[in-house]
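Going by the order they are written in, the chains are A, B, C, D and E; count residues from 1 in each one.
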Amino acid sequence: MRRWQLALAGSGFVLSLLVPLVVHSDYQLQVLFRIYLFAALGLAWNLVGGYAGQLSLGHAAYFGAGAYGLALFTRAGMPLWAALVMLVGLAMLFALLIGGVSFRLRGPYFALATIAFAEVLHAAAKNLPRVTGGDVGVPVPALFHTHANRSFYLCAVLLTAATTAATFLISRSRFGYYLMAIREDQETALSVGVNAARTKLHALLVSAAFTALGGALYGSLFLFIVPDQVLSIDISNEIAIVAMLGGAGTLAGPMVGAAVLESASEIFKTIFQEAHLLIYGLLLIVVVLFLPEGIMGGVEAIVRRRK
Amino acid sequence: MNLLEIEHVTKRFGGLLATNDVTFSIREGEIGFIVGPNGAGKTTLFNLISGVFHPDSGTIRFQGRDISRIRPNQAAELGIGRTFQVVKPLRNLTVLENVMLGAFLRTRSGTKAAEESRGVLRYLQMEKIADSPASGLPLPMLKRLEIARALATRPRLILLDEVMSGLSTAEALALAETLKKLPEWGISAVGGVEHVMQVVMSIADRVVVLDHGTVIAEGTAKEVVHEPRVIEAYLGSKYKELGL
Amino acid sequence: KGGGGQSNTFKIGVVSSFTGPQAAFGQAHKNGYTLALADLNAKGGVLGKPIELVYYDDQGRPDQAVQGVAKLVDQDHVPVILGAYTSENTRAMIPAVTQREVPLLIPTSVADNLMQTGSPWVFRVCQGSGNYAHAILDFLKHNGDPKTIAIIYENTNFGQSNDTAMREAAQQAGLTVVDEEAYQASSPDYKALLARVKAKNPDAIYFGSYLLDASTLMRQSAEVGLDPRYYTAAGTGFSAAEFPTKDKGAGAYAEYTISVSQWLPTAKWKGSKEFDEAFLKLTGTHPAYHAMEAYVTLAIAVAAIEKAGGANPVAIRDALRALWLPETPFGPIRFDEHGQNDHATLVTQIQDGQYKVVWPPDAAEAKPIVPTPPWNKRQK
Amino acid sequence: MSETLLALESVEAGYGDFQALFGVTLEVPEGAVISLIGANGAGKTTTLRVISGLLRPKSGTIRFRGEDISRVKAHEMVERGISHVPEGRQLFPHMSVEENLALGAYVPRTRPRLKKLIAEQFALFPKLAERRSQIAGTLSGGEQQMVAIARGLMAQPSLLLLDEPSLGLAPKVVDEVFEKIREVARTGVTVLIVEQNVVDGLSISDAGYVVENGAVVLSGSSKELMANEQVRAAYLGL
Amino acid sequence: MDFFTTLQAVVNGVLTGALYALVGMGMALIFGVMRIVNFAHGTFMMLGMYATYVLFVQAHVVPYYSFPLVALGMYGLGYLIYMALLRPIHGQSDFMQILLTLGIGLAITDAIQLVFGADYHQINFPLLEKNLHLGSHITVNAPWVVSFGIALVTGGGLYFFVMHTMSGRAARAIAQNRYAAPLMGIHLHRVQAFWFGLGVSAAAVAGSLLLPVFYLYPGVGDQFTLKAFVIVVLGGMESIVGAAMAGVLLGVVESLTSLYWGNEWALAVDFAIFLLVLSLRPSGIFGRQKA
């Protein structure tokens, strides 16, 4: 990453923070919120999926931990800050469990193990109404009372900035090198002393922590959650799709992916009515066929060819 | 003092004895070579020393410490570097970055790691290609890259599995010249397996000959090539004729 | 702002599940709305403008339903929203409409927790699950008075609400709940679950199920020989028009089941028959009550807007509160202080493949057949 | 010598923007054993890849039995009688030795004789018979090389392309392998062999070509090449 | 729970499991053998159900006769999808296959809704009413038994084809070494398309057989995709027999979970077993242990 790219990213975030001065429609702010939220989630996913090459399709587990954590810990009487700490802790605990079981597995086994874990949590949330409220749902406390949409939007921008910064720092550190080495060839990584299991676990812990914060933010915006909303495989898929479509293992990929997918989904709904999923599906197919390394991967290839 | 001691090490795969009661040792500052026909158990032995496999029985000691059950990354931390018979460069990274990966074992700082790595590349005469991507390198360079990455971890012992196979005699001899200097750096080496006997003879202090997982001869290169069992199992009759 | 003040149509927002697992019901909504829209616009629309419905597809996902509220209110400036289909989605929308101060009219979601939020912006046209449970218990009390009951429900907001409602109501009424069985909707095989219930030998069974599971459950009940004295249900699947049919429901296996009903094409209310005919013409099938509920919900919204005299959400809310529509095809409409329409709940039983109202006595058109004959005594 | 089986004429080829071959011209007579010699990266492997259709030449023609095959795809080559034993063995790692061999006889021409052909390979490489049901990925390097060669022979080729068959083999095994190659050649199979091990390579060959930087710089009979000063200096280390 | 109730649950589980097995075997070809991560598997099953439904409604052919036709048609569709969409991205990362097949699944499901509507359908014919009695305690519903038989025969055929024909070997060879396969004379894409088509067609046949006892709507296949993945991994990836056994096992486990714990936990138990097996025996219950 060159200096000008850093400057670009920085000014991008500053500009994003100024958006509410221009955009007043709550709806547009909410769509923008979703874009930034999923950018942050995609970036968090990218640490594990893109950099370390471990395809997680179960990030809903951490997302749900965030949303349910906020609801349940505050219901138990904890102050907000403590609940935030606890929910991050809960997500990291899940990460520890998932990582423990599945990091010994490779390739598709790992992906399926993450799905399975998230689905077990999903079922537990549905079937244990005494703990989670079951499908009847639980209320989530409001993080902001005035100018809610604007505040949530700004929070999402900050979360994206934080994940971007974290990803940037990690990608240039020894940790980041190790992640890439594991992705490329785990045996080589081991031979130079990389504790692959621990390195992957650390990446997952960081990823889970950011994802949980995203989940808490999301739950609080809706004020009320049910398992299907925050623990379903749709959430896991959406997080992964945003990053993969944008370009796994690139810094800008998740942001681009979130912007394209979330706005496409909204626009298609209005234009194509019941056919919007057909068009959305075709969009995925077309991107894969014409930009097989994701959008940013494709852009990079073009830049390289120019050079 | 013995740096590495292999004592009665046996490893089975199913019914197959890949190494059978193998015993030998390598002293500090020594270059040893394990030779033997294909399937003799050389790679298996390296995998045992570097923690990829664990012996079914017997012990492996490194600097006096039992390392029979360590994991590969722990072996690296203790100072055992290794190369792979089938080269495994990280293809999306540059040569320098590949080597830095090794250097990161001893430092967290990227600048330090880069500096260290450039030193290693200089030693292996690879500084010119430091910034080219590892993919698309010719085989001799890939073999050297394997060595460079292992050296960057600052090992006390380096395991070189077939680093010279696929090289022409001239190239192999050039590499051997370089490797000869390893002990000056305080690094001992166990070379894997070179079928290029000429090269083995020129740099090995000690040669262990394996056949069917069993040690059939041990000594200096000159000694072992005259052992009838070695000639029969490994070298073939031609070497006798050549009278090496 | 509001109702497309400047534009030449009057916009009303609709959220429902037009794609995804609940799409069949979203489409039923859409058909109901389409018929209502045609009728209302033929009568001159509202406040002199033609009505335009702005649909938002929630894909069966609560977060999308909430997104829909934001779009419809902030972007399309609708002054009132109708929706959603599932109880989960509707529940998720309540904070959003409350925050934005726009009235929400609920056509079909029956979960009790929808009306417990205290939000003054929520109005429900259909009856809730608590009411269902009471109606069924009232019927049972006067028709043989069973002592034990088992509840079988899908593990969704809808199902869990019905379970809770029945459990609490049964306890009050002195019935013992011997079993509560949740199930994962759309499973191909419920025989093991039914075997469990059989082992508990309840006098009555109370189902909280959608149509397809209702059909599967009844077929497989016959297969495992589950013979309670009463098969009862919390409406929905068990009161769908298709349920007693052979092609889309349980056919003969639906016979004798007792359920509550919000509406039937044969209902005595004025306009029911016409709606049935119009629906048949539009889609080629008879309507389920979902379509009717959507139909009447739009009519209610328009009536309130007329009364409010403009697109002001507060005025519309107040108009809804005071609304009294004595004659709709869905029966009289009036919202209580919590926003619940006090809709008369009928208890029906399927007899000879037809829904027959059997309770309360003043509305009954047939005598209930109780207890349910065991499977091996039924005629094939 | 007999008829020309394979002829390359000014073949150019490369990988993406990188050009590896700059006009390779050579001829392989039927029944002969021909060596391709050259330093690392000279383009020997690339030449074989172009012949077996794994890589499409940018220009030039490749004739096999007089027919232009430069556009024929790799999988059709086998049926025509060209069998390529690639550099680096390239076995099917999770299959048994026997299954690997069976796949060598995949094409319709050889499929009916599957059993007989496998038996022939086991006779040629008795070591493989012992390991017949071992999973190929767990074989030692040398054992894998033998499987690769045997698998190539399963297709009963009229032209066998061998890319560094001695790579990673013990001296004794190298001798054996070269002996086997000579045996194969005696049965009438034409062999084009790429070798780093120049002495051994030329010792079993009738003639050879020296490749440098993607072009043929020298050719001649094995004797001539062995005697050539340039060759002796560059490749024999003498 | 008494003995016969449990036995009945096991019998029911085996019957359901046979259909899971068939779905799983299709997935074992596509994912286990060819390593194509197919998130549209359930969608293909759904298409099979719709095809069967149309044949029943339009031509009055019951599924037990129409399934070969459905299989053939879906084979063709699978072949085309492979050639048109999967072939261009062959050799790319798993990520792209996931995106692509998710896209295919979404597009097809929505297209079906646009054509057939979102409404539910089911079919009816006299056999469905028949129950068979095994002894005095065990009852089985006739259509399940017929489906079981057909699934068994189809599955057995599939197994033989993969393990004992050159074409099956070729498919496995491609999965293991794409570079070497053409050197054996294997036409990579033709073989892959063939097996992809066959995998799709196995899923579709499972759909045909499920239709008589289930109902039909555009999203009906979704729940089967994940199950199919679970089955393949439990079965040991490349093993067709393993997938079949894992499918049956899953059916029985679900049935017993419903009986002893509650139906709502059945899916969670599937996944829990999956996690347990993966952590204890990463090569699957029925897979060959690799060193």
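A few notes on this one:
In the analysis below, a contact is a pair of C-beta atoms (placed from the backbone, for glycine too) under 8 Å apart; a residue touches a chain by one contact, two chains touch by 3 or more.
What you are looking at is a predicted structure, and each value in this text was computed from that prediction instead of being measured.
Contacts with subunit A and subunit E are shared by C. Path length between subunit B and subunit C in the chain contact graph, taken as the least number of steps between touching chains: 2.
Ranked by how far their CA centres sit from the centre of subunit A, the chains are topped by D. With centres computed as the average of Cα coordinates, no chain lies farther from subunit E than B.
Averaged Cα coordinates give subunit A a centre that lies 43 Å from the centre of subunit B. Put simply, the C-alpha centre of subunit A and that of subunit D have 51 angstrom between them.
In terms of their C-alpha centroids, the spacing between subunit C and subunit D amounts to 75 Å. Centroid to centroid, with C-alpha atoms defining each point, subunit B and subunit D lie 29 Å apart. In subunit E, the residues touching two or more other chains are 110, 113, 262, 264, 267, 291. Shown for subunit B are the residues that touch two or more other chains, namely 13.
Under the contact definition stated at the top, the residues of subunit D that touch 2 or more other chains are 138. The chain pairs satisfying the stated touch condition come to A-B, A-C, A-E, B-D, C-E, D-E. Subunit A contributes residues 172-174, 177-178, 180-181, 184-185, 187-196 to its touches with subunit B in the complex. The residues of subunit A lying in touch with subunit E in their complex are 49, 55, 57, 101-102, 104-105, 107-109, 111-113, 115-117, 119-120, 123-124, 126-127, 233, 237, 240-241, 244-245, 248, 274-278, 280-285, 287-289, 292-294.
The residues of subunit C lying in touch with subunit A in their complex are 18-19, 55-57, 59, 61-63, 66-67, 70-71, 73-75, 88, 91-92, 94-96, 99-100, 111, 113, 155-157, 159-161, 164, 182. Those residues of subunit E that touch subunit C in the shared complex are 1-2, 5, 8-9, 12-13, 16, 19, 110, 113, 117-122, 124, 129, 131, 139, 141, 210, 213-215, 217-220, 222-223, 251, 254-259, 262-264, 266-267. Chain contact summary for the complex, subunit B toward subunit A: residues 50, 52, 71-74, 76-77, 81-82, 84, 88-93, 97, 100-102, 104-105, 107-108, 110, 113, 149-150, 152-153.
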